[in-house]
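Okay, got some structures for you below.
Here come two complexes built around chain A, the first alongside chain B, the second alongside chain C.
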Partner chain A sequence: MNAPVIWIIFPAALALLLMLTQNKRLLSLSGGAIAALLAVAAQFVPMEEAFRIGSMSIRIESSLSILGRQLIIQPSEGPLLALLYGAAALWFFGAEASQSAPKFVPLGFLINALMIASIAVEPFLYAALFIEMVVLLSIPLVTSLYSPPGKGVTRFLIYQTLAMPFILLSGWLLAGVEASPGNLTLAAQSATVLGLGFAFLLSIFPLYHWMPMLLEEAPPFAAGFLLWILPTATLVFGAGFMDRYSWLRNSPELTVVLRSAGLLMLATGGVWAAFQNHLGRIMAYGVIAETGFALLSLSLDLRLGIPIFFLLFPARALGLTIWSLALNIIKAHVPSLRYSQVRGALRKFPFAVAGMVLASLSTSGLPLLAGFPPRLALWDSLARASSDAALWVGVGALGLFTASFRMLAVTSMSDEYSGWEVGENWLQAIMLGLGVIGLFILGVFPQTVQYFLAALPSMFEHLGH
Partner chain B sequence: MFLLITIGILTFTALVLSFLRFALPTFRFSWLTAAGGALLAWVSMFFWQAGMPARLQFPLWQPESIFRQSPSFVADGTSWAFAFSLVTICVGVIVTSVARENFPGILGWVGTLALTALGVLAVTADNPLTLVLLWTAMDLTEFVAQMRFVQEPRLSERAVISFASRVTGILILLWAGMVSASKGAELDFLSPPPQAGLYFIIAAAFRLGIVPLHLPYASESSFRRGFGTILRAVSAGSSLILLARTPLSGVETPLTPYLILLVAAAALYGGWMWLRSPDELAGRPFWLIGMGALAVASALRGNPLGATAWGCALMLSGSALFLVSAESRWQDKALLIGAWGVSSLPFSLTASGWISSSGRFWYAVPLLIAAQVMLLAGYIRMSRRPLPHAGFENQPIWAKNVYPFGIHIILLTSLLLGWFGWDGARQSGNWVAALFASLLTFGLLRLAVRVRILNPVRAHWVRSAEAAWLDAVYHTIWEGYRTLRRLIALFSSALEGESGVMWTLLFLVLFITFLIQGSP
Partner chain C sequence: MTAFLSSVALLLLAATSVSILLTRNWRWLSIFLAVQYVGVFLLALQHLPLSMATVKVIAGWMGAAILAMTRSNDDKTEERGDLLPQGGFFHLTAAGIVGLIAFTAAPQVDALMGGAGEAVSAGSMLLIGMGLLHLGVTDEPMRVTVGLMTVLAGFEALYAAVENSVLVAALLAVINLGLALSGAYLMTAARLAEELSAEESTEAA
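Let's turn to the complex of A and B:
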């Protein structure tokens, strides 16, 4: 038995098999169940240790060689896999409610497996290839056979593809830095190229404009999945670089760059969101601000920053799932997600609108909701380091709150009185209801996820210790 | 532990009523269940006295390295006075509901009980984190309740504005935490840094519940009188507790003298508008502004006990008046007990209202006393106002006998708090100021008969005047917003247009150039 086979190759093969199935409910349920099973296995099954099941003795190896390259899943990375597959299970279970299961579940499995492969592959420059495969596989997810791809999809493809040469080039340069650590010019060059690669991958300001465009034209549930998996895996991949290279980790310039980029993402994401008139675009700016929060956490003293960094993940996954599902449900009943078309939607789709608003408030950092504890910890730690930075976080959060309240006002107002209806089906209502309960549980008892998160920093050798 | 018992009774009653509403819609004893539960919770409040102060720590937020605080509660004299007031008003709202048109309003009672439970938890919050969590819980409950009851879609906007203004208060309190953190300190109620203490006061002002001025119900709605009263009381109580917890050291800044003058002006405005209000519901926001300002002024003068006293009087005396919807024997005389509660005379609820050990800001005191005089005069005038409708025609026969109890229990509590249960009880206070205020009040009431300007204006007059200045404020904000939106749309269209990729790369180069030149 081999960890990469279980958590990369098996899900990828399964995805190909699932493509043959057309039963939406079966796809959603089986996909969700298998992803949940993989998450549980990642959390509880030991790697590199023999254990017995009945009379069988099993040992799961952590590495696999393919064509001279290696896929390595360390035992300490089990909680990360559990997090990624656990969140994927949420998305797959929600796929039936969003009525996007046929394409979504198989491609979702494949994308998840490839993103894990990008974190696991050695040498790391091959990660660029896996990421590019993910980008290409994403295209059928956000486009339709019956209409040409819009500008948002094209921009997504351009910007994510542009990341690949930078990552490949940085791999080559970093090999040079490892060979001659004293060469400062080479180190600066490789850091710049690496930074540009991550700027494209994480869609750092001003490279993020494909996100709102994509959410205007693509199904929100599929787009939401991409906007969850791509930045999440890329952030872990990026943190891995910081762990690996001490000159990078100890560089004061890195703190400045991460903090500037994070603040810019958060402030512009928040302020831009406040001025949008389209529900999808607001979600896109919410995602941008989320990435800003994650970058800011990496700019802190990493003993504090790394636990905050990981604490942001469950809130992001749950919030985005609910937000995307809610938008998908609303979009199915209105001509567009522009404000003019969704006036009074609260009385027609109470679960979807409540889910959307609560998810957006969670992203803003409203107390009681999942996003609040990590944001509070982040804001507090940042204020101790720089009060100016804390002020900019406040500006971004204020913008996000404004956007949330505008959404709430628009969806609750209408020109004439209409009674309350429930436009969602029972499955959608249950999924959204459970998701919202989850948001509250994470918001009031953030310690509940520590069972999974506490061991995550140990996947890094140097960060967070 | 007794805190949990009170909360448990209120919550359990609310759950039972919800169950009855959906499972047994014809159940005849819902009111009895609601009133019984509320009364039991009221009785349980006395048991708190057996073990005060008592602390209750919820499970710690983890990892502890990044969370400096976790939810915790404290039952002490100050929180007991606030909590007791809230539970009493809850009893009053449910008992007097027999005289309102929407009787039996089971969902309204469920909301009342749930809000009271959250209010009690909020006033017992031991740190700012706990308080913001409970404020949010209350805001969400209130918003859901308002959306459920609002009939006119245009009034939904008012509910959202109300929700947003309260969340602004939450953000300000969180910002106080950040100001504290930037000084390397942890924000708590015992020793907030002076800069943070000022934010406490601003947060409390936002949370008082005076924006928007009127609740999103039709002006004569029974919800406005019943559920609206508990909404306003819980909002006021849970925000004023912040002032009651703010020590003198927390508000000692160079800005304080200006702030107290501003607060005095607000108190005068509230008092004047209350005095001239056509009825108690139209004047309710001004009662909140006026009494809230007196509480804030006490906190600024380093008298947290006074802030507690004014806060409890705001809730108790105000609620007794707002809940009166039907004629009953001795009612106008009984309401004078409410006026006694606001009088600041010795051994009244607000006896500690004018105490100031340091004698700070003496120049603001005359202005504040003038505001108190107007509030008191307005209160007495409204308590003697003939009621427009009797209210018992469609109610059960026992309702007429039960209804006064709802008002009397609130007034009784107001009396009781002057004598028992917290540090501000049995105080003779600043009796000179109190006597002066009382004499001026009687003078004002006598004068009102002869001077037209001291009499109430017509209801429609109040509304249109208030709409004019509010409209101007909204219009200015909206214009600024639209200008900014145009700028952002222009920027976005450049990046998302045909030449967007080129623009993006240009901005990227600029961004990198800025980064190279300096740190943020």
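Let's turn to the complex of A and C:
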């Protein structure tokens, strides 16, 4: 038995099999159940240690050799796999409610498997190639064969593809810097190339304008999945760079760059969100602000920053699942997600609108919701390091709050005599209801996820210790 | 490789990349793209064994064929095959500037890339620059795909000088094919949507 076979090759093969299935409910349930099973196995089944099942003795090896290179899943990466497959299970179960299962589940499995391959591949900078494959697989996910591809999809493809050459080149240059650490010119050149690569990959300001466009054009559930998994895996990949290169990790300029980029993302994402008149675009700016929070956590003292960095992940996954499911449900019944078209939607789709508003409030950092504990910890730590930076976080959060309350105001504006209906079906209502309960549980009892998150920093050799 | 072959490769890349930028006819676009990969093959051959360099040209040809076959299904929007179409002078001037920058920057890139060779550096920079220029002037799915393939072709020629892993070559070939398939998907989506909207307007009339 081999860990890359179990968590990369098996899900990829399964995805190909699932493409043959047309039964939406079966796809969603089987996909969700298998992803959940893989998550549980990643968390609890030991790697590189023999264990017994009945009379059989099993040992799961951590590496697999392919074409002279290796895929390695370290035992310390188990919780990360559990997080990725656990969140994927949420998305797959939600796929039936969002009525996007036929394409979503098989492609979602493939994308998840490739993202894990990007974390597992050695040399690790080859991850850029796997991320590019994910980008290419995402194209059929976010477009339909019967609607013309918009500019958002095209720009998404261009920007994400341009990231790959920069990352690969920077990897080669960084090796040169390690060989001759005194060569400051080479260090500056490699840092610039690396920065450009991550600016494209993470869609750092001003390279994020495809996100709002994409959420105007694409099904929100599929786009939401993409906007969850791509930045999450890319951030882990980026943290891996910091872990491996001591000169990068110890560089004071890196802190400044990460903090500036994070604040730009958060402040512009928040402020732009406040002025939008389209529910999808607001979600896109929420995602941009989320990436800003993650970058800010990496700019802190990493003993504090890395636990906050991982604490942001579950809230992001759950919040985005609910937000995009809610938008998908609303979009199925209205011509567009513009404010003019969704006025009074609260009385027609109470569960969806409540889910959407609560998810956006969680992203803003409202107390009692999932986003609050990591944001509080982040804001507190940041304020100790720089009060100016903390002020800008406040500006971003204020923008996000304004956007949330504007959404609530618009969707609750309706004629005085219009009655209440429930436009969602029972499955959609249950999924949204459970998701909202999850938001509150993560907000009120953040320690519930500590069991999974506590071991995550150990996947890095130097960060967070 | 002799200096003569390097010069042939550079000339081929300059001619095909400018032609890709200028032509409005999809058949010529596909042909120029396929020929461009011959130039990439000649550059890659300086640092890679024949078998690995061949992978690049075959993947590129397959990508060009995928795009051409998809485009050939769309017989309704036939393009005019003017020699120098509208905006051609602007494109030509921009291509000249890109070429100038590529050839000027080649020695610095060569130094940075640990002696990739000036021909490889110049050819790669030219392809990357022309691809980026192409991406900047169009948003048609086929042309965007060709622009991205051109950028990646330039990068591959340069990266071959520093990395000769079989896995990387295989993954880059998969990415090239995937890019062409994504482009084909977007082209098909645009065509089907157009047909659907035409049918709807006919029914409405």
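A few comments on the model shown:
Assume the second predicted complex is superposed on the first by the 463 of 465 C-alpha atoms of A that agree within 3 Å, B and C clash if a C-alpha of one lies under 4 Å from a C-alpha of the other, contacts with A are read in each partner's own complex, and residues count from 1 in each chain.
Here is the rule we use: a residue touches a chain if its C-beta (ideal position, glycine included) is under 8 Å from a C-beta of that chain, and two chains touch if they have at least 3 such contacts.
On a predicted model such as this, the values are computed, not experimentally measured, just so you know.
Once both complexes are superposed on chain A, the partners chain B and chain C fit side by side without clashing.
Legend: residue contacts after superposition of the two complexes on their common chain; A:161 is shown touching chain C, with no touch to chain B. By the touch criterion stated above, A:17 is placed in contact with neither chain B nor chain C. Look at A:416: by the touch rule set out above, it reaches chain B but stays clear of chain C. Of the two partner chains, chain B is the only one touched by A:380; chain C is not.
In the superposition on chain A, contact of A:151 is made with both chain B and chain C.
Working from the superposition on chain A, the chain A vertex angle toward chain B and chain C, CA centres, sits at 140° in steps of 10. In the superposition on chain A, A:172 contacts chain C only, with no contact to chain B.
By the document's definition of touching, of the two partners only chain B reaches A:259; chain C does not. After superposing both complexes on chain A, the closest C-alpha pair between chain B and chain C lies 7 Å apart. Comparing the two interfaces of chain A, the one with chain B and the one with chain C have residues 151, 158 in common. Within the complex formed with chain A, the residues of chain C that make contact are 112, 114, 128, 135, 139, 141, 144, 147-148, 151-152, 155, 158-159, 162-163, 165-168, 170-172, 174-175, 178-179, 181-182, 185-186, 188-190, 192-194, 196.
The touching residues of chain B, counted against chain A in their complex, run 59-63, 65-68, 71, 129, 132-133, 135-137, 140, 147, 151-154, 156-157, 159-161, 163-164, 167, 170-171, 174-175, 177-179, 181-182, 184, 481, 484-485, 488-489, 492, 495-496, 500-501, 503-504, 507-508, 511, 515, 519-520. Interface of chain A with chain C (complex): residues 66-69, 126, 129-130, 132-133, 136-137, 139-140, 143-149, 151, 153-154, 157-158, 161-162, 164-165, 168-169, 172-173, 176, 189. Residues of chain A touching chain B in their complex: 151, 155, 158, 199, 205-207, 209, 212-213, 256-257, 259-260, 263-264, 271-272, 275, 303-304, 307-308, 311, 344, 346, 366-368, 373, 376-377, 379-381, 383-384, 386-390, 394, 397-398, 401, 405, 408-409, 412-418, 444-447, 450, 454.
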